[in-house]
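Following this line, the structures themselves.
Same chain, two partners: subunit A is paired with subunit B first, then with subunit C.
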Partner chain A sequence: MKDIFAIARTHVVTALRERVTLFWFLIFPLFLLTLLSLIFGSVTDNEDVQFVISLIAYPQSAADLPFSASAAIEEAFTEMATPDASGRAPLFVLHVPSDGQDLEAFLDAEVTELRRGRRAAVLVLPEDFDRQAMTALSDASSAVAGARLYMSSTNVASETASSIIDQVFAELDRNLLSRMGRFDESQAVRDVTEWVGQAESEVAYIDFALPAIVLMGFFTSGLFGVPGAILFNRDLKVLRRYWVTPLSVSRYLAGFGLGHLSLCALQFVLIVLVGTYGFGASIRFSSPTAIATLILAVVTFMAFGFLITSLVRTANAGMATANILNMPMMFLSGMFFPVANLPAFMKVVILANPVTYLLESLRQSVGAQEGTMMPSPWTYVVPLLWIAFSTLVATRRLRWDVER
Partner chain B sequence: MANAPILQVADLTKHYGDTRAVDGISFAVPSACVFTILGPNGAGKTTTLEILEGIRQPDSGKLILFGEPMTRVDRNAKQRMGVLLQEGGFEPQLRVHEVIHLFASFFDHHLPVDDVLKMVALEEKARAQVRTLSGGQRQRMAVGVALVNDPDVVFLDEPTTGLDPQARRNMWDIVTTLRERGKTIILTTHYMEEAEALSDTVCVMDHGKIIAEGSPRTLTGRLGEETLIEFRMDAIENDDLVHLRTFCQAVHVDGLHVTLETSDLPQTMGELLTWSKQGAVPFHDLHVRQPNLEDVFLALTGRTLRE
Partner chain C sequence: MTAFAALLKNEVRVFTRDKMTLFFTLLFPLVFVLLFGVLMGNMGDVDQADFGWVDVSTSDDETLPHVLEDAGLHSVRRFETRPELEAAISDQRTDFGLVWDGANLVFLYNATRLQENYAFQQLAAGITAEFNIRKQDAFPVLELTHIQAGKIESTSWFNLVLPGILAFSILSSGLFAISGHLTHMKERNILDRMLVTPMRPALLLAAIAVVRLVMGFVSTLITLGVGIVVFRMTFTIDWFRYAVFVVCSTLGTMGLGTVIALLVRRPSSASNLANVLAMLMMFLAGIYFPIEFMPPFLRTLSSWMPLTHMANVMRYVTGVIDMSQGRFWITSAVFLGLALVLFPMMGRYAVRPLRR
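And then the complex of A and B:
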């Protein structure tokens, strides 16, 4: 075993003395963690999500109606733009024309703001809106009351705001029909919304992202760090010196793997410390499932690194191959966005991708995700199959030097 | 030198495509001697050594190492071998003692790291990183790596190529010490003076074949008892050559450089000086020497080792 420990120690020592390796192993994951937390940490907090909209209600031509739909809408949006008792930020920031302001000019200005992305939507209630609404509510066969909604097709926030406004209108519609006695609330078909996953406790973004960052650190270390270290050593003829000693390829890989595992442990500790004390992450990786998944992840990605190493001739070719695998493996895994609705052919890749299982297993084990795409055994079977296949190929194909 | 062979090869061949790098060579190496494979670049020296080191598999031929026939050098044989590769690197971030310690871990039995450092005179550089070493120091460390398991056979492939004269002398001292300690050393070189200074047996290779084998004295002795007189002229006419041949056994001309072979040095020297004085023929860099391995190679191939 002394040869295996010596190789492991050598790998750790050389990595820690090499600035480039240090950057990719330790600095880059921490940098990414900081960046993602700063960018997405604030955006996805529900209490901070707000839509800036404009509401322009023209003076209504009919004043003799039993009630005013436009007034009800103005009231509803004003309420949704008012902070609640707990001080929580309202859903909408509402822009309305001031008294005596030219409404057409205001509308033009607000639509311009919408085009510039400074408004999520502009809602206009025309002069005869109340009359049209009353007609529509009295007679189901008549035309629908015409409020105009301006939105930007290139703005995601605009699409979200418009769907919320649609819901507000649907709710108002139902209220008005109830008031007119044309809608029996008790006989209405209702949908029952059942929240799954994090219904009881909201997961902070850092808790959602931290397992992905940890896994991504292991992933890049395995896919790039392992072929990089071995193939650069082969290019430098370092491995050639091992060739003339009793050391075998399999024992070399075992020693290298042990060293890599140690480096990943160091990387993990640093990321979790920064995540916990720097960004307030509350998840813990202390459960046996989490620890098993972490070790499985390191070994899986390292085995991928061994596989790449054994299939190419130079370090440059190794880096190119790792780059080719990097994108599909990382993005078709649910690391950064949900993959449930992707096309069927992509799901084949997702199902064969060990990152999918490892990420899901890690998120579940630390309580950052509930529910699963896959039955539990596959969480371990798929990565283990990859480890077996990659290690087998690497021990058979890896050469100390490229033959002439 | 009547020791039993520690290594024997017979009809060894190795091809790279259509090129016959090693073409049916046979030799035996007794234990506790320095066996040198001498030849120009591309002669097949390194390929031969790499087969003996276990790096390459021969296409055909027999190999008997430590009395055991084998088709390829196995793990047990490697436990008793030390190898200095012509092409081989070290991780630049490692310290010298870490490198020695790493390689020591590959063997069942090894020398203490401090002893190895002392053997190659690198005690003061033990904590220096490889990247800070000079070429000579790095080569000494590589020798230390080759000796870490206290091997019975040491393979040194071009051990002094690229070294300055002082570092080359240091390497020669190490080889001499190893021989005195009873190690068998198999080295390749294209430096004639190195082969002459270190070798018990020299095996001269060219185009993958062995063209001569024996001790340096035996090989040079085959050229006869002639002494060589060398000098340089400003210009050489045909009449000059005709006249020179009258008082020596043979004349060789290489540009303006002339070599005379003679079995009667005083007489030839007298004739040469008289001819120079009477005919007002100036010559420069006159010196007298005995034939060496370079002359052996020249006589056998018509080329010099450096061509």
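And then the complex of A and C:
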């Protein structure tokens, strides 16, 4: 057993001494976890989100009207741009033209700012808006009062701000209708949100992201770590030196596997510690299903690494192949983007990808996912098939020494 | 001039014979475009949503089915019971659903689809508003028309992503081009042999730069072409500014790459360091994830990344976003300046025999 432990120790120490390996094994997953939590965590929690918008209300020639719809809209947005009593930052930062400013010039300037990404939306209440609103209220067959909202679909902040402004308008619309007795607020049907599954509310982003980052760490370790270690050692003739000792390939593999498992365990502990204590993740990986999935993931990705190792001739080719496969396999598994509604031809790739099953299985086992795209046995069968296939190919093709 | 021509010819040969470099320069960006084109093509579009609903009320009012028909959903399926609907939502056969009990509209969401639920909830709010208005035979008074501030090029998230991919491919090929090549030449002692000839180091750098520049330019055109042909994307390309910026930014990032060549000894180390830098910048520069919601300190960090500025200028020259003329020319000049400063300096220090 000593030789196996010695090989395992060598593998761990070598990996930890390599700064690049350290980066991909530990720093990059932690960096990504931090980045995603900071970006999407604040969005889903609605914390610290603020939109810079402009409101341009053209003068209304309707002093005779009983009320002003444009004034109600201006008031609503001004209120939403004012900090509350607790001092919390308001939802909107509102830009309005100053007194006497040329409105057309202001509109042009604000739309330009929107195109340059410095505004989330520009709301325009045209002349005669109040009169149109009044006419629409008194005569259902007349045209509605139209406002314009300039926005940019390529800007996520603009998209989000636009949907919030839509809701504000819908609310104001109902207020106006009820004020005129055309809508009975007490008869209005409420919409209620309920979550399907065991969760009482939407899963926190960190709980959703943490299993993905753990798996990403295992995946990159297998994909880059295995070909890197084996092929560089082979090309640099380090392996050849092992083979002149009594060490057999199977014992070397056992030591290598143990070392790889130890590295993944270290990686797992660090990522989960940061996720739990740094970002407040509440999920636990202690259930038997979660532990089984984690072990299955390490073995699957290690086998996949051996598959690549056996298919290429040099270490550089191995790294290049791993680089080519890395992004597509990660992104086409649902790690970072939803894949449920992709076209059929892409579904084939997704369903052949072992990462998809392991991710679904892990998320489900820690309560961060309800149901899976494929029935439960497949989440284990497909990775096991990959292990069998990879082992078969590697057994037949992998060379343990440089060609003479 | 003869020496430069000979070096240039040599570099063309080396580049075209190296299948790996050819693949990573010309074809690898396509993998990203095809991948993200499919992933992001319909991102946030609720018209792809499959909706399910159950009516457990005793009313035979037809208002709700009509509202759902007009809601712009991809499909609307009626379920017999709530458990059936919940099972479909849980298994993601249905994206979200509704139970109408005659008093409340109970919208059901899968608690774990948090990347999509926001869009579904917006749609649900619209359904409720429309249902209430129609149920009381009222008509909306206010109408809010959305107007795209940009041109047709700026109507989808992927339009923003593709120029970012172009910028990333310029950055990564620029960083790798000089660092990988020079360290490779050093490792194989090719550089030592060339340095005993009267060749000027700057000429060698210039020859490498010219070949990689042309190939990088071709690569951006292929990537852009695939986006336009395969995903039917629309761009209004300002070819003059496009060419100016691709040249300036490629040379500038090559200048940064020569710094890497100075710092490391082995090609694999150069490639690793360049890979790490490129990857960090890719995530911080808002290529795939929006930076609008990043905390202020990350946005500040992002603004210091060359890739952030490269991506913004590429979006500008393809007509996706607007930018002031001054900002465009200053950004281009900064990248060109980087090349002008770093190339001669690094020619002196990086084009040297391997330290032993």
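The definition used in the following text is that the second predicted complex is superposed on the first by the 259 of 404 C-alpha atoms of A that agree within 3 Å, B and C clash if a C-alpha of one lies under 4 Å from a C-alpha of the other, contacts with A are read in each partner's own complex, and residues count from 1 in each chain.
Heads up, the rule we're going with is that a contact is a pair of C-beta atoms (placed from the backbone, for glycine too) under 8 Å apart; a residue touches a chain by one contact, two chains touch by 3 or more.
The structure presented is a predicted model; accordingly, all values stated were derived computationally and were not measured.
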Partner chain(s) touched by A:75 [first = subunit B, second = subunit C, both, neither]: neither
Which of subunit B and subunit C A:233 touches, first, second, both or neither: first
First (subunit B), second (subunit C), both or neither touched by A:39: second
Partner chain(s) touched by A:136 [first = subunit B, second = subunit C, both, neither]: second
First (subunit B), second (subunit C), both or neither touched by A:104: neither
Contacts of A:243 with subunit B and subunit C, given as first, second, both or neither: first
Greater residue coverage of subunit A in the superposed arrangement, subunit B or subunit C: C
First (subunit B), second (subunit C), both or neither touched by A:151: second
Interface residues, subunit A side, partner subunit B - complex: 2-3, 5-7, 10, 13-14, 17-18, 233, 236-238, 240-248, 401, 404
Sites on subunit B touched by subunit A in the complex: 16, 53-55, 75-76, 78-79, 81, 83, 85, 87-91, 93-94, 98, 101-103, 105-108, 129, 145, 155
Of subunit A, residues touching subunit C in the complex: 20, 23, 28, 31-32, 35-36, 38-40, 42-44, 48-49, 69, 111-112, 114-117, 122, 133, 136-137, 140, 144-160, 162-163, 165-167, 169-170, 172-174, 176-177, 182-184, 187-197, 199, 201-203, 205, 208, 315-317, 319-320, 323-324, 327-328, 331-332, 336-343, 346, 363, 368-373
Subunit C residues touching subunit A - in the complex, by the definition given at the top: 20, 23-24, 28, 31-32, 35-36, 38-40, 42-44, 48-50, 86, 89-92, 95, 103-118, 121-122, 124-129, 131-133, 135-136, 138-150, 154-157, 159-160, 268-269, 271-273, 275-276, 279-280, 283-284, 288-295, 298, 320-324
